[in-house]
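Look for subunit A in each of the two complexes below; its partner is subunit B in the first and subunit C in the second.
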Partner chain A sequence: MSDLGDKGFRQSQAFLHTWSGLLLGWVLFAVFAAGTIAYYREGLNRWMRPELARVEQPEKVLAGAQRFLEGKAPDAKSWFITMPGATSYGAQASWVPQVKEGAPRARRRDNQATIDANGEPAKVRETRGGEFFYRFHFDLYYMPVIYARWLVSVAALLMLVAILSGIVTHKKIFRDFFTLRRGKSQRSWLDGHNATAVLALPFHLMITYTGLVTLAVMLLPWATIATFPKEGAFFEALYPEGEAVERTGRPAPLVDLTAIVRDGEARLGGKAGYVEVADPGDAAARVTVIRSGSSMLSSRTPHITYDGVTGKVLRRSPETGAAVVTAGSMIGLHAGRYSSDWLRFLYFLCGVAGSVMVASGMVLWTVKRREKLPDPTRPHFGFKLVERLNVAAIGGFPLGVAVMFWANRLLPVEMAGRAAWEVHCLFLAWGAALLLSIVRKPQHNWVALLGLTGALLAALPVYNLIATERGLIATILSGDGVLAGIDIGLLVFGAAFLALARRVARHKPAAPRVRRKAVAPAAVAPVDAQLEPAE
Partner chain B sequence: MSARGNAAAASPWRKRGDMVLRILAALPIGYAVATLWAIALSVTLPMRPEQATTVGMLVAFAICAVAAMWAFAAKSGWRAVWVLAVAGGVAAALTWIMTRGGGVA
Partner chain C sequence: MTALAFTLATLAFALFGLSTDEHHRKRLGNRPDAVTVLRMRGGAWAAVAAAFPFAIGAQGWVFGPILWVALLMLGAGLVFLALNLIPAPAGRK
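Let's look at the complex of A and B:
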């Protein structure tokens, strides 16, 4: 296996493709799927807070946020407001209290509030909304983020290697794109893998490379050593800050933030994303308006700082150089915040294709090897491990997501630690899938997990229709494309998972199986009978 | 090279050793070469230091990926290692030459 040198370049790359793809494929699948969902994180932020109306007048919300913060934290060290936009449920207002000697550091979530579309502090269920998927796709969960980011980055590098070696391996890259041999076991898996890979190939390359770029400074800690030996000097050179200002202790009323933001948007040339106020209520107060990432490609958005009392412009962020704009644009391309509705949809579809590419690649690994096993009924440990981990990871994660959405709807609104429990529910379901894949045969689990996921997803819009004010009919009638789109998406994915479950249930393995009788009823039973896992 | 390739085919331990060398070349050595080139570019490119450093970082991942591909395409594990070592050595030398004069600090 190791005498690669004697074979051609293509064979060596096929070997590399197989193993670099498999090694962290399970992590990669979860990262890819969560990242894909995160393209709709703003929509999900709203979908997961169905009690809130959508913002019609952003300025009203901003004024409400200022009013709230002036009442709640008049002498804070700083305020931070995420600007309400047309796709959001309101504004998030948070503050950093003055540091008091001996006092424990306040937790961030105790110092923030949601301001609703009417400009009032909202009573809303505690949820992480779509933000969870965004954070999870590079921070994972239940582990220190630094380890998680390294793990995800190694997986991404392996993915980059797998893509490049995959291109080399692939002789007839364009012809195979038009080939889909359905119902032919290995051929079908291979064609499915090829089609999803080649169809969105530029996307896969782009998303993997730019994903690495987002973490470049962490991944290449020594790259700055020759030019910026002092710690932190690289960031100071990248993002020079204005001079530090001392708090005066003299009170002075803060300017109207809506007027400042309007002026800032005109000067920055695009919508504002965030507003930061330093030393509010003090004569030395400063207001910084930061341009939104949704209004430009580069994620390195410019900002402008005003005097918080007189409203005079104090400082503009300097022009960034070409290389930094390139890096910022790569990160912008990755996150897709700049994209319009249809482009975002395309991003999402490409992400789905990528997830399917990873999943089908992992399954293909087992399909290809099953036929070559000395005894297919008793595969060796490595094969069993991959086969069962595939079920646990690929079948379990979508189930976890579906369960999390249901937890968002069903957990009591007043529950303590509710937001965390929504996430725990995802991992409990995923853990259950892992357990199931240890105790039961893989094929049965595929049917159970896919079927259950499909049923749960498809039932969500029905629940919304009955139990919330924002069911599919209401959202379509009010022209709320984002929420309607999510409900329709859930229906489509629900149907797709059910169809897949049905297909797997009807599939008859080519090799004769010992427990044929156990498989046979599944082949004829209607899909609904399979929805509940038997064990 | 072909003699060594045939030897590798002969003994299973040689095979395993060869594979270990390739994996070392693909991951730790490839990463080191990428970092060395990022540093070399940060002191060589005619731009402001933070710009040049950024370019170095942007290019480094491509170097990582190509190094991994080379590690498995090379005739033997040893060859994969020494070619990458030379590639890293060139970057180190370039960095040394550029910073010797004290031009960038």
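Let's look at the complex of A and C:
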């Protein structure tokens, strides 16, 4: 702060940092936390289907999927199989029936079955598994996807503003990087906020920026509209398909998919992620093998198409242009699908740091203002609103997740709409937290919500141990690192939430210090309070 | 290769951390003078740079840079926790 001009600029950045962080911070927290969980969506897909064994021989599962589809939908318009892998519970086999005149177009999701590790159609509880967290973190729930994506985009944009203005305002964060003053209320909150922000700063910048890139076509549509005036032309250019083939009506047996996939993996240079079959059982059948995103950075993976009867290669996806590779790499970097176990764990830790950064920033807003309130026993409306929304959002969302995991275990398997009800349970618990935060004082709520969340999370592995075949001991003994890791993670998070609850319960607010000068309400203007918070 | 890069990254942040007044006093017993601080920071930056080729060697030009950044964050996090949570030797408060 050498001169007034610099002061003015930094101060304006501080203002920006505070309010851009606060405005959609609650949405951002949920998005960040869900996105963090989604790094383990494949693991959760398995964890939430505890009746299914781990896939040991992917080829057996693929053969089983082909057998199943040939019996179930021999004359479908197309089949779609998600390739089983070492991290999956089996294959998802879905089919689209032939379009009938006048009938609505069927979607892939309407006709699908789970093929288990033995290649047999499995009876499995209906659940969205980890996919829910993945979708929720950009589509939200209970609202049209397009509005949700705009809302999430605006939140991400504000986050980018908050990060950049935070760096500018608090230059000291880099100098004070190694400082953690514990047990000193506001200072401790600030140090914690700084540490989680700076430690994972490359991640925060990357994830926010690339997150916006994933939605760039929606946010900045003008270039695409100008270049591709015809609707759909853009996607045709982006994902070029071979020419559609007419169904001949002459039946012909489909080639063995396992052999095709083996060949496709060799030609594509990596594991296959999906197999699509057009017009199975017809002389014009086509098989497309799509490379998985787990072995390359770009999320726009290449594919290769075979003749479904002779097994000859018909076409390969063309080399993609630089722009597509750039966008694909950014999305790949964001989603971390390529990452090895250790890198994935780091992604997860960074996500946790980010969630803590958002949460601590929101709490800091109230901590800093509480000391400056003219009468701390009767705060003004804005303060009360933020304080209580913090409880509802930051305390409520983790509770909702814990409740959803329990719903996954306890809802009856034959229940209609079970998968949807698991999700409803999350929001019911979250709504309950909101109600609670309206009627009760915040401090009690923090203790209750954090404590309950901790107890629920920590009890899950215990339940798994007793009621499922895949408890912690069994998974460790069989070397099933994914499920064991999730159970251990639940224990760690349970303990952490309980410790936090204990900490809050024991916290005695410091006796109100004598103010150096009588603070007139007008002087509590946020800008004033913002000056050099790192001091 | 990865282990070497990780060691260098952690070393770098240990130097950065110990070059601060507070931690230097707590761990090494005295306040660092300006020259010591400069040397430690210089060494730290050198370690940061030296970790890069090993990360590239471990994972290639596509994933190597990502690994490098990831290891720097990991090293910084571990040093941060160690400096703040491991009690300092008695008498050096």
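Heads up, the rule we're going with is that the second predicted complex is superposed on the first by the 494 of 535 C-alpha atoms of A that agree within 3 Å, B and C clash if a C-alpha of one lies under 4 Å from a C-alpha of the other, contacts with A are read in each partner's own complex, and residues count from 1 in each chain.
The working rule: a residue touches a chain if its C-beta (ideal position, glycine included) is under 8 Å from a C-beta of that chain, and two chains touch if they have at least 3 such contacts.
What you see is a predicted model; the values in this text were computed from it and never measured.
Participant: With both structures lined up on subunit A, is it a clash or a fit for subunit B and subunit C?
Facilitator: Verdict on subunit A: subunit B and subunit C fit.
Participant: Is A:195 touching the first partner subunit B, the second partner subunit C, both, or neither of them?
Facilitator: A:195: touches subunit C, not subunit B.
Participant: Is A:324 contacted by the first partner subunit B, the second partner subunit C, both or neither?
Facilitator: first
Participant: Report for A:349: first if it touches subunit B alone, second if subunit C alone, otherwise both or neither.
Facilitator: A:349 sits against subunit C, while subunit B stays out of touch.
Participant: Compare subunit B and subunit C by how many residues of subunit A each one touches, and report the one with more.
Facilitator: On the superposition, B touches more of the residues of subunit A.
Participant: With the two structures laid over each other on chain A, which partner does A:297 touch: subunit B (first), subunit C (second), both, or neither?
Facilitator: A:297 sits against subunit C, while subunit B stays out of touch.
Participant: Applying the document's definition of touch, where does A:203 land relative to subunit B and subunit C: first, second, both, or neither?
Facilitator: Once the two structures are laid over each other on A, A:203 reaches subunit C alone.
Participant: Check the superposed model and tell me the shortest C-alpha distance between subunit B and subunit C, rounded to whole Å.
Facilitator: 19
Participant: Which residues of subunit A are in contact with subunit B in one complex and with subunit C in the other?
Facilitator: Common to the two interfaces on subunit A: nothing.
Participant: Which residues of subunit A touch subunit B in the complex?
Facilitator: 1-6, 9, 12-13, 15-16, 20, 157, 160-161, 164-165, 168, 209, 212-213, 216-217, 220, 222-229, 234, 237-238, 321-324, 326-327, 330
Participant: In the complex of these two chains, what residues of subunit A are touching subunit C?
Facilitator: Spelled out, the residues of subunit A in touch with subunit C are 175, 177-180, 182, 195, 199-200, 202-203, 297, 333, 338, 343, 346, 349-350.
Participant: For the complex, give me every residue of subunit C touching subunit A.
Facilitator: So the residues of subunit C touching subunit A come out as 16-17, 20, 22-23, 62-63, 66-67, 69-70, 72-74, 76-77, 79-80, 83-84.
Participant: Which bits of subunit B are touching subunit A when the two form their complex?
Facilitator: My answer: residues 1, 4-6, 8-9, 15-16, 18-19, 22, 26, 34-35, 38-39, 42-43, 47-58, 60-62, 64-66, 68-69, 72-76, 79, 95, 99, 104-105.
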